[in-house]
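Both complexes shown next keep chain A, but they swap its partner, so chain B is in the first and chain C is in the second.
Now for the complex of A and B:
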């Protein structure tokens, strides 16, 4: 047995280095960001202005129009990922674990995941080249039109990251107990029935988790849009999502002065939104799903 | 290890059943092959065209390079004109240092969190687990000020510290699942023999080796491919990583297609190769790390 005093001292020694770096460079900056959003730094120094930055962000005509637009675009960006990426990931995972493959299963799994190992800079450029009217595959400037620009970028993201839901759902599916599936098969159930009637209900918690992770990842999105457009927000602000809006707010861009306090405000709004959605999901949905599948 | 046993059961199911070619099986292969073509086609087109001359890239983008159209001029220009080797070195230093720090510190922390039943342990463990989902980019503005304060702005250390902080939660969460599988008898035996806590830790370390590989592979990918922090914390020419370097190169050499395609190929290659080798550990790490 370990003596309590030894345990406490060892715990401290073992955990402290990891905890210090994690708190200092991940948790603390987030907290300072929230704190900063309550202040205004002007020529006359820094002053506490309460929710002033938030009121400005939500109501100042020009800034708020950009903000709501970016928020709305971000929901579209998320919706396209959920509607396309997750069903395809589920289909691939179902095919990989359907029992018809043998040795080739691992090879398919690896090959299908390869695009997710590329950097967005590369993905953006590959696709910009392929849909370039010069190459003649698509005769229409998909990225130059305000109706098609965001869906096009979203689909590039889907192409890159479809392997992630695939791998998640794949891991969930291979954990489904074999005897349940075997019993259903002996009873003459079709693979279709086995999947929707037995396997899918059992992996619902993981399915829900990948939806919520996709929410967090898409609301953290920035790289792909930046790789394609720089910090410019696309035709008529149609590809401006929260990440690019945040970047322009604190970094500044042509025609926009950098504003750190307002940037911190935007960050806090995004953070609050993620926190609320994630918390609501875990309290309301995930608990029930876990209870059902247990 | 639950993921390992399910994987083994799954594999034995695969080998037990003898399979014949039938309509269903052909259909499954056809669909999967179509998706593989969709996933790899664009990448192959880029690699293929990086080996051709400019007229050939536009004359027949889907043709294989022939004796007349084959050219390595793009690669030559990238390696001489760009800062590619320097970028590679920076990415390598940042990624390796962050991964080594993450693996080391997370393993120590996870061992203690599993091992010691002290009052604050569940709270501490929870703090790390919540961090897996923490959007650390949203703390960028204070991070810039912290880095300026520490005089680390525009250095590789700024990136290493941020990436380590970003990866530690996933590392700790993952390693805790691996440490839980180590039999208690083993640790107790070591302690009875008078081993110190650190000695006990190093005795059971070999048993969690698959976990170390999983943490390393899962954290490596987002670090190597990140664009946000290099852009903001280390944008200077001397400290650019490959991802940022390629991004800038694309902006500068807009019309030099052979060089662009060569740059993209060189930028992508290391991780694609690494992933292909370690895909098993990676996939296990990904699903176990987020699935808790």
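Now for the complex of A and C:
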């Protein structure tokens, strides 16, 4: 028998490596970044300015306009993912578990998941060629129009990552107990009724989770936009999202000094926003969902 | 057991210190690191430039340490602010470097042997209050590559005035076989750098207009600037279909495949433009009227300065003296075609197209890109706004007047010589 003291010590030993890496590479940089956002670097060196960077970010007319524009675009980017990627993922997951694909299920599951394993640079490159007015299939300059550019990029992201909600919901669906479904079938429920009346309520916690994960992924989004449109994504910043706004601020460009302090400020604002939304979701929604499924 | 480990450790430490001591005894050599954003130049420096320097200075090793272009400014700033950073820093032109000079990143180069090889205009991008902080390495030029065979086939000659330029474009368009101008608006920087800043100086009279903006005597809403923007907008009918979404590399491709007659571009693209063996010529931006003054965009691109915190100041100065001399200039511009020496020492270009580009300087007044000197050191930076608004103009119905008005409003919102009036 293991004594409680020994158990506690071995627990500590097992947790310590992961905890050290987490503290060193996630928590510490985060704290340093928050700390950095309170300073300003200029010709007279680096000085403490309190919330000066935040005031500048939200009140300087040009900078704040770019920030709100990026935030608004980011909500659109998220909304398109939620409205298109998750329903399609749910549909695919339902089809995969529907029982009609008994033998090819594995093949479809793999094929649909493959794009998610591709590099974003490759996805961006392939799609840029496919919709290229000169070499591709679409005559309309989708990426050169302020109205269509962001939806186009969002749909490329949807194409790439639709496999993630699919696999996520798929594994939730196969975990639904068979006896419940059989009972419903004996009672004469149609497949449609079974899905919406039994399966979907049972996977609702996972459904909610994939929505909040999509929120986190899209608000951390950067790579696809950067690969397609660079760090000043046009036209007229119509595809600028928080990730590219941060990158531009932090790294500067050939003609712009890198503003590390303001970049850290932007990063902190993004982090706070995501923390609040995620926390609110878990406190208000996810807890109740769990109660339902029990 | 323990004593054995001790002995092994002690032995290893002794060995290491002996090696270190013998290394120090053999040569008092100094190693300098050179920070750069030109990752693509690794071979140029390692195989050509640095061996030539080290042959003459065996006691100094120089290590070329490039950083990804996009991250260069942030990398240098965080390193230098943190007390580290390379001994030698590649200098961005104008506003970025002025800020860096102001922050004390560089050692002043007054009295450096070789600095006399550069005129004041060549040093201007790296000079603050009369003191120079970086040795100019290279400038880039902007002009128009053209497909000589297409010009022959259609019986066209190189245009020298704005009217002739439009006539040539119209003739190519009427023929219908080729795209007259390979320009796409997907990447906004090149609308400014290869478009407006190239043809514009003929309208705003080069330095006269540029310095006028800087000292506040001219405004972007003046007729000269508006007509320059209008002349650029007039390219629209001659661009490929769907140009709004076409990128810079699409355009290089269209031209190198022989499907477009003219490619407005920078000298840095010489290698790519000739990569398919096309018969390529180059002409400068047209004058506004027959017999009018020609202008050419010569943009100081890079220079090298010494990190003020470097412990090897003397060795770094030796290196920079060599960089300012004809040997370096000759090697550099010929291993990296498309870059042009800025010194007043004669340099010969082996690449025929590079020589043709250099010849465009004769008889033309030179001017750097419009918005990078002082006018982009605030928010919004004039250069960024120019990129953005030119892209808006080329992808929508926005007029040159509206573009000029918005540019002026942005500039006068923070730049005091402009807002005072």
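In the analysis below, the second predicted complex is superposed on the first by the 275 of 294 C-alpha atoms of A that agree within 3 Å, B and C clash if a C-alpha of one lies under 4 Å from a C-alpha of the other, contacts with A are read in each partner's own complex, and residues count from 1 in each chain.
By definition in this document, a contact is a pair of C-beta atoms (placed from the backbone, for glycine too) under 8 Å apart; a residue touches a chain by one contact, two chains touch by 3 or more.
What you see is a predicted model; the values in this text were computed from it and never measured.
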item	value
Contacts of A:70 with chain B and chain C, given as first, second, both or neither	neither
First, second, both or neither for A:234, with chain B first and chain C second	second
Contacts of A:260 with chain B and chain C, given as first, second, both or neither	both
Chain A residues touched by each partner, larger count belonging to chain B or chain C	B
Partner chain(s) touched by A:143 [first = chain B, second = chain C, both, neither]	second
Chain B versus chain C as contact partner of A:223, first or second or both or neither	first
Touched partner set for A:252, first chain B, second chain C, both or neither	second
Touching partner for A:134 - first (chain B), second (chain C), both, neither	both
Contacts of A:203 with chain B and chain C, given as first, second, both or neither	neither
Residues on chain A lying within both footprints (that of chain B and that of chain C)	134-135, 250-251, 260, 263
Residues of chain A defined as touching chain C within the complex	41-43, 45-46, 60-63, 128, 131-135, 139-146, 229-232, 234-237, 250-258, 260, 263
List of chain A residues in touch with chain B within their complex	1-2, 4, 6-8, 10-11, 13-15, 17-19, 21-22, 24-33, 36, 88, 91-92, 95-106, 108-122, 125-127, 129-130, 134-135, 159, 162-164, 167-168, 170-172, 174-175, 178, 191, 206, 209, 213, 216, 219-220, 222-223, 226-227, 243, 246, 250-251, 260, 263-264, 267-268, 270-271, 274, 278
Footprint of chain A on chain C - complex, ascending	37, 69-71, 73-74, 77-78, 81, 92, 94-96, 99-100, 102-104, 185-188, 240-247, 250, 254, 372, 376, 379-381, 383-384, 387-388, 391-392, 395-396, 410, 413
Residue numbers on chain B that touch chain A, as the complex places them	2-3, 6-7, 9-10, 13-15, 17, 19, 24-25, 28-29, 31-32, 35-36, 38-40, 42-43, 45-46, 58, 61, 101, 105-106, 108-109, 111-113, 115-118, 121, 124, 127-128, 131, 133-143, 145-146, 161-162, 164-166, 168-169, 171-172, 191, 197, 201, 221, 224-228, 231-232, 242-243, 246-247, 250, 260, 264, 267-268, 271-272, 275-276, 279-280, 283-284, 286-288, 290-291
